[in-house]
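So, here come the structures, one by one.
The following pair of complexes shares a single chain, chain A, combined with chain B in the former and chain C in the latter.
Now for the complex of A and B:
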């Protein structure tokens, strides 16, 4: 009796059951994929409308440029020190590495040119953008998120002051204007760092260093392309920062989470866009 | 809409989309111009939601609800008209919403700088007048972080009335105030109302202070108006819910505990009883 009961309860998995289970798993996976796709399209749409909202208010911002100036000042002072110090070290490292490699082939005199092209095309815009995200964008997200958490954004709207026009658009434009300027500063100081290593420390000829740089690095192809990249990065990183701040859950944890998302999304966007832009520009 | 009405709410029903729970269940209320009207009710009764619908922070849902504020129909109101309407209202928030990056002076000057064409001299005079009214004129250089909670509430009041609005909305204006500040704020709300001829809506739990200045009171419970009348009428009310709320009695139809599972279940008393047996 006992054996018969055990036989009834312990059903061996048949082939049909296993196919059925696989089918259920497949449906669940497709559902999850669909949900993921749907939520990402919704998110992209939200970002797009938010961006359009900023664009729509840009004429008013031009009329109140003082608000943008104020934000440029904050963004600039936040990022300047780290940009300058990092640029010196980047330049020094580039000088050393290029010298070590090029010297093997007897081409040490083009160290300056190689460093300049690398900086103009890739390292300058990308590193400046990554440092900018770490300093300025996180501060933007935290400031806006904190204003939401303490009802300051809400109070502004009830006072008939448009928060996008007063708080968001000036920060966005300050980021877009500041990043190319910071990139230019980073490039210039890094080249000076390379000069210090290659000419002052190693003793390469100063004339060759500068003349080769002028000969091989093109203003239009290299410098302007790099600056174009930094404008695109400025739009992407600043939009990420203000969007995350404005849509942060209005709690301390919400602001912290939004700040982390700004760093992750911003950095991935910069690296992804860099690849796309490099493929199209060079 | 009756021209004598500053706010008219008819059959107001509202549910938050995310939470999908009905917060307001067919409310009707009227606020006459020049009156001080109080909305009394316990936590979660829907008072702040009404305020958010009056100010357009939440959209009025197209379910037969009607909200008219200063002649503006809040159903499907355009952004331009909403901002026009908001220029005529002042609001004091439940939690401090002062701009932390600005001094006290700049906070009170903010709406004046945004919406008026006054020069800095005129703005300074007006800001000093408002700060004097709340007793904090000598704090104008300070920042919100340097003030106590009660002082911040008073600054918020000064900022809310900076533009001499037609309609003032107060969300828990007496919370966190010391006895002197409380009396001053209460008198200030009354004086502003009668002095400037504005209309005020006060959302509060504070019965004695509200009854001292309100012309008319609505008592809310779970998104419904359970009684209404002048403070004197409500003091005489036999309605058990109103009487319990106004007198602050612990026993009555208003539960202290949020409805849900029983305390015995949460403590698993039945299981313990079974184990012991």
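Now for the complex of A and C:
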């Protein structure tokens, strides 16, 4: 690449030159392509072995569940407020939107059912995961990255304390446990929000609202597959968060960069996985 | 330090309780758990020449009350008929000469199987086979009506 540029500026291009240059450019771009592939495979392998490292320490983690429990507080309980408030608004908007659409077809009584199915299957797991990334995963990355930047992780290793067992695995498992719990809360509160707008505000019949929901939304198909999605999202987002934190460049800027990467990679993973899971589940 | 730890543990427990409450609420009020146990139902095989828009898991109703579900739909390639396997709830027993027909909730709505109770003393048993009245196909009705009309006009011309 560098040689090609130098030639361009210093020598008048002739026909033979340009062929030569093109060949250099071609080789360079093939090389770049190969490098891209290799580095991505290397990256995937790194993530995989990191994940296996966490899995290997799972028995120890079950033995010291207090660590996970404390992280559930930081990761889960502290995200609860944003989840609850967002859920109310999600429910309100869903109810209002479905009402304006379904009203045109004279089917306003199924507003609750439509909102419930959308929430259980898609919106609940995905929105909970996105909020979770913004609220909890960034905190996880920053906390671990900060420990990396201030050499606390190396200090632990020096003291023969396994940093993955002490810092990474509890956070990972707390994330995996918390996200489905938060998803369940989001679903229930959002249903309540839909109830507020559809029954209390618009004045649809309460009986129709609940009975249609019972009729159309099935627990085994809709709710449980939504919960399965959120478990998968929990693994993906928590793994992204702890991986980015653990491999952050040990500077303040590096931690900031790692946090941004967590949000970008986590969100894209959630949306991509959602499509794949929907294609397989339904 | 210990106090804040206790508080954290307590609030983590709170999250789990809140999630459990949410799941219970969803299971009770906002999504239907399986309504019946498969082992408790009795099955009846009903054959139709045309099942229309009938779907698996569609309800079987009598006088508008759900008395069972369609377990499976299949095509009998020897008799060239559609076979519906119904799972009926044991609390509703029907006379053995009850008739099964496919009806619609409304013009565009879903179809279901309606059971009209007969007068026989014997009851339908598990594994019984019945012949049902097929779905009314709107297109067939219209074409029948048109052909009848055309026939009448031809007669009047002659």
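Note that the second predicted complex is superposed on the first by the 259 of 282 C-alpha atoms of A that agree within 3 Å, B and C clash if a C-alpha of one lies under 4 Å from a C-alpha of the other, contacts with A are read in each partner's own complex, and residues count from 1 in each chain.
As a convention for this text, contacts are C-beta pairs under 8 Å (C-beta built on N, C-alpha and C of every residue); 3 or more make two chains touch, one makes a residue touch a chain.
Keep in mind that what you see is a predicted model, and the values were worked out from it rather than measured.
Looking at the overlay, does A:208 come into contact with chain B only (first), chain C only (second), both, or neither?
In the superposed model, A:208 contacts neither chain B nor chain C.
Return the chain, chain B or chain C, that is in touch with more residues of chain A.
Counted on chain A, the partner with more touching residues turns out to be C.
Just checking: does A:132 make contact with chain B only, chain C only, both, or neither of them? Give me first, second, both or neither.
A:132 sits against neither chain B nor chain C.
On the A-aligned overlay, A:155 touches which partner chain: chain B = first, chain C = second, or both, or neither?
Once the two structures are laid over each other on A, A:155 reaches chain B alone.
Just checking: does A:173 make contact with chain B only, chain C only, both, or neither of them? Give me first, second, both or neither.
Neither partner.
According to the stated criteria, A:73 is in contact with first (chain B), second (chain C), both, or neither; which is it?
Second partner only.
Following superposition on chain A, which residues of chain A contact chain B and also contact chain C?
Overlap of chain B and chain C footprints on chain A: empty.
Applying the document's contact rule, which stretches of chain A touch chain B when the two form their complex?
Those in contact with chain B are residues 146-147, 150-152, 154-155, 157-162, 166.
Can you name the residues of chain A that touch chain C in the complex?
Listed in rising order, the residues are 66, 69-70, 72-74, 76-77, 80, 116, 120, 178, 180-182, 184-185, 187-189, 191, 210, 213-215, 217-220, 222-223.
Can you check the complex and tell me which residues of chain B touch chain A?
Answer in residue numbers: 55, 57, 83-84, 86-87, 89, 91, 93, 95-100, 110-111, 114-115.
In their complex, what parts of chain C are in touch with chain A?
5, 8-9, 11-12, 14-16, 18-19, 21-23, 25-27, 29-34
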